[in-house]
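Remarks on the structure that follows.
Per-chain numbering from 1; labels A, B, C and D assigned in written order.
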Amino acid sequence: MTLTLTKEKLVEIYMKMLEIRFFEEKVFELYAQNLVPGTIHLYAGEEAVAVGVCGNLRKDDYITSTHRGHGHCIAKGAELKRVMAEILGKKTGYCKGKGGSMHIADFSIGMLGATAVVGAGIPIAVGAGLSIKLRDTDQVAACFFGEGASNQGTFHESINMAAIWKLPVIFVCENNLYAMGTRQSRVMAIKNVADRATAYGIPGEVVDGNDVLAVYEAAQKAVETARKGEGPTLIECKTYRHKGHSRIDLAKYRPKEEVEEWLAKDPIKRFKEKLLQTNTLVEAEIQQIEKEVSAEIEEAVKFAMESPYPAPEEASEDVYA
Amino acid sequence: MRKISYREALREALREEMRRDPTVFLLGEDVGRYWGGAFKVTEGLAEEFGDERVRDTPISESAIIGAAVGAAITGMRPVAEIMFGDLTALAMDQIANQAAKIHYMFGGQVKVPLVIRTPFGAGVNIAAHHSQSLEAWFMHVPGLYVAVPSTPYDAKGLLKTAIRGSNPVFFCEHKLLYPIEGEVPEEEYMVPFGIADIKREGADVTVVATLYMVHKALNAAEELEGEGISVEVVDPRTLAPLDKQAIIKSVKKTGRIIIVNEDCKTAGVSAEIAAVVAEEAIDYLDAPIKRVAEPDTPIPFSPPLEQYVIPDEKAIINAVKEVV
Amino acid sequence: MRKISYREALREALREEMRRDPTVFLLGEDVGRYWGGAFKVTEGLAEEFGDERVRDTPISESAIIGAAVGAAITGMRPVAEIMFGDLTALAMDQIANQAAKIHYMFGGQVKVPLVIRTPFGAGVNIAAHHSQSLEAWFMHVPGLYVAVPSTPYDAKGLLKTAIRGSNPVFFCEHKLLYPIEGEVPEEEYMVPFGIADIKREGADVTVVATLYMVHKALNAAEELEGEGISVEVVDPRTLAPLDKQAIIKSVKKTGRIIIVNEDCKTAGVSAEIAAVVAEEAIDYLDAPIKRVAEPDTPIPFSPPLEQYVIPDEKAIINAVKEVV
Amino acid sequence: MTLTLTKEKLVEIYMKMLEIRFFEEKVFELYAQNLVPGTIHLYAGEEAVAVGVCGNLRKDDYITSTHRGHGHCIAKGAELKRVMAEILGKKTGYCKGKGGSMHIADFSIGMLGATAVVGAGIPIAVGAGLSIKLRDTDQVAACFFGEGASNQGTFHESINMAAIWKLPVIFVCENNLYAMGTRQSRVMAIKNVADRATAYGIPGEVVDGNDVLAVYEAAQKAVETARKGEGPTLIECKTYRHKGHSRIDLAKYRPKEEVEEWLAKDPIKRFKEKLLQTNTLVEAEIQQIEKEVSAEIEEAVKFAMESPYPAPEEASEDVYA
């Protein structure tokens, strides 16, 4: 973890991570109070990945996301209140309540949407990359997916396609060790998803996904490569989700020691310590940031809670453009 | 008679068949000891039969079905689970082009005793990728059987028939049915394919319904009874083979038919049933055929939106009243 | 008026739209300069527009459609080719769950101007994996439009409409139609979606037919004319949106309807059309609705077997005679 | 090319290759005379692959095949006359005329059938491997597919599955450099499909697919590994098809020099020369073998030509078992 970035950037990174964490804690709380319909897949614990990657992206760059997408939205710059409103099924949400937690999108910031079909976002990111190439801009597309998704056929077809056409796509595998109750070692005979890059002739890199600056640096390199038209990179971020997979999953399939070990590696805690140790920030500044973020979240919740549900008949709208 | 849930009934069928026949095995994402299936249908089975026969797979729907096909044509009887019905789209080639056609393409040389279990249906706010009802796709594929049990009794009996059969069976379940309880005998029984069940007898209108819609149709019938309208509820139990005769017989009696299915209306299950009646029993009809189905939209997330698109008792009652 | 083939008509539509709009591009397996598409529809286009805009892909159907979706939501207008309609099964998730649902799921934020071209149909002895007609699957997916041109004129006009539209279009072609010639004006025109074409006027029986079956229906009508039976041939041209009014109007005139489609009968296109008539125009019917379709079998290879399952003029004539 | 096999085995291998070659030449001839319905994908030029692999298989071992499947059938031991009859659409064919050239199967010898969907046979072979494991026999399953097929999602999902479960499957990639008109280099950024094995943690090997003994040896090792329960191997055989892709394809997309270079490496010619050079066989024996094989083919054609077509109504049979 080196600190070559400006203080402003470092604060921005810290804030975004905190936003995601507090946001997810709040979603969990609301869920427990039965205020969130359906299911939720929390990003808490994996903040360094989305923030480290999106920290390198411009507003006009693209991302595609997954069922575990709140963090991606926030990291790319979505408004908290409209994310929260969508999760609560409100009309003011990004998708007018049609999408919910698993299908948030904000095209105004290049967030091309979350798909709940594991692996289905990967070729879509490739298509965004192809579009960039055909339109001849210097945008890039980042594509998030889990290690579980890396066993889907789409992973293979998509990365191969991006490789042969040298598309500006950054494939970001969030390896949180589990796909629901399934440990990676039971569904993959190799340790690193990044090693699969050799099958496509592109660079593959493993990074500590709980070290936001490590992720930032790896993504920076990949984004530069992509912008220069030198093709895609596969980055595997080793991380861990703090909660169960979804809803009320207690994640009993995870050994207690493993959970503790990873909790100790909490990306936010680690980054905070670094910021303090290096005197980038002092405790008071940290507290100030936490307060600000808390307030933001409260505001988002308030907005979402007070927003109306869509009218039932709106279900018939937006089938065709 | 004892009552058990639809979920337990399915599990009993799996357990009994696995005990009876060592070639029966299960595979799917998280069907094993760490999760027991997303809807807990397979819970406890890995503990009894081991991880080899209750096999967790990678997230690879296409290979799950492909592997099941390969096992089925080499002496095994796989029961594959696809976690959500919407995800069968990922395995459509293996289901429709391979599993369903192998017996035919190869001139009858080999059987494909394969069951694909999957839950369909909306109602739990999990939106467009986890809520569809896609039975019609599979009904349109010759070589497949399609089962649509609505009760614990039917679920158990049909699943046992599916597992013992010689053909690929697309076995549809419904998320909202899993907790529903019903009478299931202790002793062994099977429910044959292609035999509809009259879930309620009536004289004025025939309502054909499947899966969770059977229960809504029964509620509607109960309410209509109070208003002096006698509704016959016919549950086909399998869509392929379809018990046309039972439907036509009921229409001959009532002269009126409402078809209720949870899928999108256009080119859905109810279209086929309507077409059968229009071809083979139109002279017995005293009123237009009516379909009660989801409107042609993806399933939205927000509760008021979702409730709006799912066919309910009121829609059934209105349809009945329009024809009597 | 000049006559050109269906294949040339499609190619003209592609060429004109690519010249007009730099965001239009083609992708698919061997669509480029080395092959020009398995059925030569895209022949010569790579030479004019370059390999970037007429893009050969790996054999990766799922990623072809996925990439097309990604391009469509970021400013391009992709026209993807799937070499054979049967292979759309491999891309079913991207077609039905992604392309078709993105506009809806995301609350109307983005349009998906994507065309998927693919040939359906039997008749050239290439068996179960290269001969199906699967339009009904796509008709059942809200968010998709489904085009089914039967003539060079319709093929060109509908494809131009598809490319300029704002929605994903599943564009069905038919292998046996490619060489068929017909009148196509030199000047630009479009064929709107959702407007059926009366391919032949008649008074006694309505025959609704699509794709290659339109030609068989016209042959049958010609022959029946000689026997004093006047047949009206209605070609919906798009299955979604479906021009119900045109069908119903014709039924009101003739009182009889035969629906001819090349897909397997059960839960096929003709089921939906039959259901629409049974719901909305049953009182105008003087006879049962009849469906002429493939029996529910995979497509066999051997010529006598294949000919047996493809609906022909005789089947149409027989059906007509049964109802008049 | 070493000759450690018995003369009997060597002759068997030579004969099988010749059977395939003569068979395909005859099919081509019949096709030109309009006697073969539909399309054909000839195996001529690739004989060393099927024969080298199947030479290691027992009758109760399995194979899955592709659109280019005649060679696989013959190598596994199918009766020429019933293969030919199927190709001509006759009732006496393996599939009673229902399958045709692209869908031949002979379950009595473990030939689990050809699929015309590129890549679709790969998971089916994995299923056969799984079945073997569950039934606890020492059979193996070999799976043939092209380099084009190796870009399909099924390739990825299937090999991963076989790898994690250590299934007795031999994945045989027939890299003939083209998928229809598409050269490998335009759809794959790596040279060797076998290198993809690293993505699954299994051995991958490149062999000269026009050297039948090299293929034989690689397959032998893979089969032994599989039989011992030590899991799958990916073998890539570099080869070339002599004719166009299908039907009347003249394969103008292939440079003339390339075609000539490969024709010079004809696997049958090479093996014959080897047999002669090493005095394993003398010219007269070779001629005798050629005569025998020719006669066999003629007999097969006669059988197929004289066989009746199925009755049209048989189309309705065999939909369900």
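Operating definition for what follows: a contact is a pair of C-beta atoms (placed from the backbone, for glycine too) under 8 Å apart; a residue touches a chain by one contact, two chains touch by 3 or more.
In this text the structure is predicted, and so the values were computed from the model without any measurement.
Hopping across touching chains, the smallest step count from chain A to chain D is 1. Each step here moves to a touching chain, and the least such steps from chain B to chain D number 1. A separation of 30 Å divides the Cα centre of chain B from that of chain C.
Centre-to-centre, using mean CA coordinates, chain C is 36 Å away from chain D.
Averaged Cα coordinates give chain A a centre that lies 40 Å from the centre of chain C. For chain D, residues that reach two or more other chains under the stated contact definition are 95, 97-99, 103, 115, 117, 151-154, 157, 160, 164, 186-188, 319.
Shared interface positions of chain B, i.e. residues touching 2 or more other chains, are given as 57-58, 60, 62-63, 86-87, 89-90, 93, 97, 104-105, 127-129, 142-143, 296-298, 300.
If each chain is drawn as a node and touching chains are joined, the picture has every node linked to every other. Considering their complex, residues 37-39, 89-90, 95, 97-103, 115-119, 148-149, 151-153, 179-182, 186-188, 253, 309-316, 319 of chain A touch chain B.
Residue ranges on chain A touching chain C, taken from their complex, read 62, 64, 93-99, 103, 105-107, 112-113, 115, 117, 120, 122-135, 141, 153-154, 157-158, 160-161, 164, 317-321. By the touch criterion given at the top, residues 151-157, 160, 163-164, 186-190, 195-196, 198-202 of chain A touch chain D in their complex. Those residues of chain C whose C-beta lies close enough to touch chain B in the complex are 86-87, 89-90, 92-93, 95-97, 100-101, 104-105, 127-129, 134, 136-137, 139-143, 240, 242, 263-264, 266-272, 274-275, 277-280, 282-283, 285, 287-291, 296-298, 300.
Of all residues in chain C, only 29-30, 34-35, 38, 56-63, 86-87, 89-90, 124-130, 295-298, 300-309 touch chain D in the complex they form.
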